[in-house]
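Both complexes below contain chain A, partnered by chain B and then by chain C.
Up next is the complex of A and B:
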């Protein structure tokens, strides 16, 4: 290719206006800053996020508690499902300094958290989660206890207005929040219908099976400190704590608190909840005894 | 007499659904054969909870495996699990739930969500169901299975309909593109199979560990956990499906479980069942060759209910679409629960709230239909029809000269009257005034009379 000579006058013109590359603009100040501590994105209030208090969502609280069991330093960030790459909370963003000094950010969804924790946490002497029993009892928590939780929170009319509506569907525009609540209720109903293909949900049956599940869980805990005789709390302890703690601390409507009464029946589960709360969430809300008596 | 309604038999097993099989096993173990009959009705809409299996005792319907156990415990004063200790009972519940949730999803995956197996399953359902139902029920069940298994498997197991990696369109399938596509499908099938097998192995291993070397899960006596295990595992083992990954996994890797199922099948589920004989009500008759076809189960006869079944199905679908769903409407099951005043009041409050919800939904629907009709009237769609009829009348008048046409005209008018009345009753349901309707009909009557008058005149004129 033949290069065209630039005319003299153009060259002088360009020389007087040199091409300048400015340095990149700094990120806006509202941008999240990733420190060295990984951040766990959970459903929580901004105040609770600062003090590291328990999330109000069972699956978030489960991982929050399990991370604390493993002695991992992290901070919680209030978020919602729309922020998550998988569409469900919690997820974690951790930043690590790699060898080449360039920082590397990894997003860990909840189903990969176990592996991540294994790599970064202390090695605990917890019960073996691969054992057949642990799997079976985890199914009990994830099926029957979860169903009853969903029913109590979203489908009991008063609870859904006063608890689910406020916790999950808070929006300054009332039309938006009522629409969100409607969506959340439909989602919860869909989940419940998986176990009830007929489409008929009988609250007594749902609560009764949750009661049976709690009875069974309480039986296997027995007088042990942690489940399955582990020396440290494990993932199953976190799963149970996530439900019992929230069931005990949420302000259920006094006539729709069947789940609370079912938990109150088992002293060893109450003790288990208190042990974890005292040790790992010292600033958490304590269950309110006056409120309990109302039921 | 207890009636156990179930999904009908197939694959030589007395039922095609694992829950039904478990319920059969439980009743066979606890009830004397004269006390119950097995009815392969295959119609979940019979029971108020719209689930099968369901136990009918007189007017009381009890749905589901656990519901049935609970009911029989109340009725007989004892249950199969009474001999178990506290910890064993906790184990029975936990493992039972594990089998129901994970095992159930595995069966869903194997039977409903593997395409070639679903085709076979559709054939099996065709033997159980009457003509209209056999076309839509398998689809409904498949949809349910997909809804249940969304947490366990990625969408890719629904192989051909995966939206993320679209297959080339048939028009683009040139000879060169074909092998590549086939390879892609093959690779995907292999990946799928590995994933499925991993899930299955995980599940079966846990169950086998719990079972150990014993004859039953808890010592030498069967329990409710055995019923569930037999129900779910036997369907995995005996269902002969073209893509039998679950069966292969059981046979090759978990022989101990197969031995267990083979061993207890005889007295928990009966021996082989002849599907055709059972469905035609011939199961209780011993065939001339002396072969028992009922498999040792007290089969009953299904009362055919085609029209109500289809109507209820359609009604349910319509209600589902509109968003009206029933919640705990059946309160008859455990009536003996003590009810304090407070509880009753609360329930009343709940009911009124639910009623309010339903009323709101109904109001929205009625409002929409009303708006649509209003729009039609305003837009002239309905007046156009009235105009059309006027034209008919004139046409009748013109051709009225020919004899015998008279009758037809009258008949038409009658038909129209009926139509309008139908429309009127629909309006009454929608809550529109009766006056409108009456005025409408009156108007039509007058028109008709006029028309007839004109008609007669015309015909007499033409005669003259």
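Up next is the complex of A and C:
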């Protein structure tokens, strides 16, 4: 752009326009209104969002639990991946007082949540997550357990129809639902193939390594209340709870519940899940004993 | 191959569509003038002949159709049916016969599958005190396949397109059209469309089609919208009624997208019935100097058994008028339009959900160089951060005075314009997911429309009505606005086909 010098009188004249400025138009009804409490955007049902019940997605539940551990007041908002700045839930929108006293909304993606919580939460006496040991176990959860979760939810035929289809791909038109489910299944398969190169996914192998991972996690917990001997639950507790709670409460198809059976083998993990549920999610669904027996 | 087929038709189509004679070059005008003089002379000779014999009782004994090799006989017969029926009536005269036959020729030409038909009438003796006529209509079919590529100028968007048309598919003036385009804002758009006249009537057309598109709305609202849908409809005269089922996805959000856009991101389904009515009596739609136009558009979505997950009644009305000021070449035009989105309850019976507040892709947007000048595109109405989030009710209007340019004259489609326009776009308040009183919310918003002056801008500029699009270069100043609304001070360029 070529910028020409503007004569001063013209500039003053220009600056007097518009001659009249009214206050801003109020936003339409559907636009979200923000109070002082931040909003965590997660996969959840509208009912569960109101009561603050656990999200049905492990990554979302992990952060939801960790925020609760930190005593941060927040509300959950039902959302989907299209809304997220990273392309994946969760993310948080929080009001920030800027210098000019006007409030500004900031969007915090999940990878910046730890830093944000550190600034706004209690200082917990949780275990140090930077140690090599903690990192190795976190990798177990994020790889082996996650792979088995993806397989069980999306690639087991009945589960994918009755669980993934309903939870993630609900739509009032069945053609759209099945298109979305097909997309989700392809996405899950692609993610699994990245971890299991060779083009073949063997469920026995995937479930077996998840079983080994749970075994290792159970051993490391031992008789402690929280992982790594922390006095308060930490991010690792949240990561494990996110899977164990969902594995225990989801209504898996009886022939496709290998993960449920694997978790059931470890009493201390069941106790860990119950401790967190009782303390932080008192209204959450409890694991259904009858359903467990079917396994 | 295909493109060489199309050239000839292309030129003819363009000549036919070229309704604005002022843009023809002088030479073409001269040729036209000579041709029309000859035509008029022939016509007046014919007229004398017909006038002398206009009351002659006649009957049409046969109509020969020539050159319609790909068109079904049944289809041609249906067009001529009425003429034969009338010709059997006792008082049928020569004048009526000629009127009927030329009406048939006109009907043929309106299907868009023939070149201009020619009519020849001959005497075939006497029978029962009536003169028998033999008519011959010579048709020349347009080529059946047309492949076109080119560039389109939409409202402030440039795009390239590829379109393939298969005309007269089953020999009854049906057409199948495939269209693909990509542009500055349309990342991709595909459409397949089938049209067929009902009962060989060019005024009653059935339409069915499917489409998929992906459009960027980043320039005003930080998102993209992906559409996949289908529609069936019927066009009769100035009316059009359509059923539309579409899956919409708001995705590809910008980093700085506002909470409002984030809240509406994802999938939604619209299942709706729409009716439009347009009556256009303007001399040109790009630069009208006389005449008027009214348009109304109503849409009902998700109501009763329609399904989908959005429910509303949406109505838009528009009126435009233009008139010359004496013989000065100066003309004035004015327009007024309004829109309302009224949320409805979704579904029926036990699944009935209370009326929901509207989503960003259903709400109206207002402002821009082809819309309310002096404001940026979609720059009016409620805003969240950097995003125009749209409104549920709007009213907008404007007035222009067009002056011919000295030494260029009023014949050329070039004008100097002085304009003032205004608009107001507001959102319904007080509705929640659990419902709320829609009527009192609408009342409130209508009251808000009258609260203070609307947002106003005025300016002066040049207008050029090229046959494919109208160009405007204006100097504008916003006079009144709402805080946050994006005015455009200084020069503003507008290119489009649909100016308000």
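The criterion applied here is as follows: the second predicted complex is superposed on the first by the 271 of 295 C-alpha atoms of A that agree within 3 Å, B and C clash if a C-alpha of one lies under 4 Å from a C-alpha of the other, contacts with A are read in each partner's own complex, and residues count from 1 in each chain.
In this section, a contact is a pair of C-beta atoms (placed from the backbone, for glycine too) under 8 Å apart; a residue touches a chain by one contact, two chains touch by 3 or more.
Bear in mind that the values here come from a model prediction, so they are computed numbers and not experimental data.
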Contacts of A:46 with chain B and chain C, given as first, second, both or neither: second
Which superposed partner A:75 touches (first chain B, second chain C, both, neither): neither
Touching partner for A:203 - first (chain B), second (chain C), both, neither: first
Touched partner set for A:139, first chain B, second chain C, both or neither: first
Which of chain B and chain C A:231 touches, first, second, both or neither: neither
Partner chain in contact with A:85 - chain B first, chain C second, else both or neither: second
Which superposed partner A:26 touches (first chain B, second chain C, both, neither): second
Chain A residues within the chain B interface of the complex: 131-133, 135-137, 139-140, 142-144, 155, 157, 189-190, 193-194, 196-205, 209, 212-213, 215-217, 219-220, 255-256
Chain A-facing residues of chain C, complex: 245, 247, 249-251, 253, 255, 257-260, 262-267, 269, 307-309, 356-359, 363, 381-385, 389-392, 425-433, 436, 441, 452-453, 477-485, 487, 489-490
Interface residues, chain A side, partner chain C - complex: 14, 17-32, 34, 41, 46, 77, 79-80, 82-85, 93, 105, 107, 171-173, 176, 180
Complex interface listing, chain B residues touching chain A: 44, 47-51, 63, 66-67, 86-87, 89-91, 93-95, 97-98, 100-102, 144, 147-148, 205-207, 209-210, 316, 320, 325-330, 333-334, 337, 342-343, 346, 349-350, 353-354
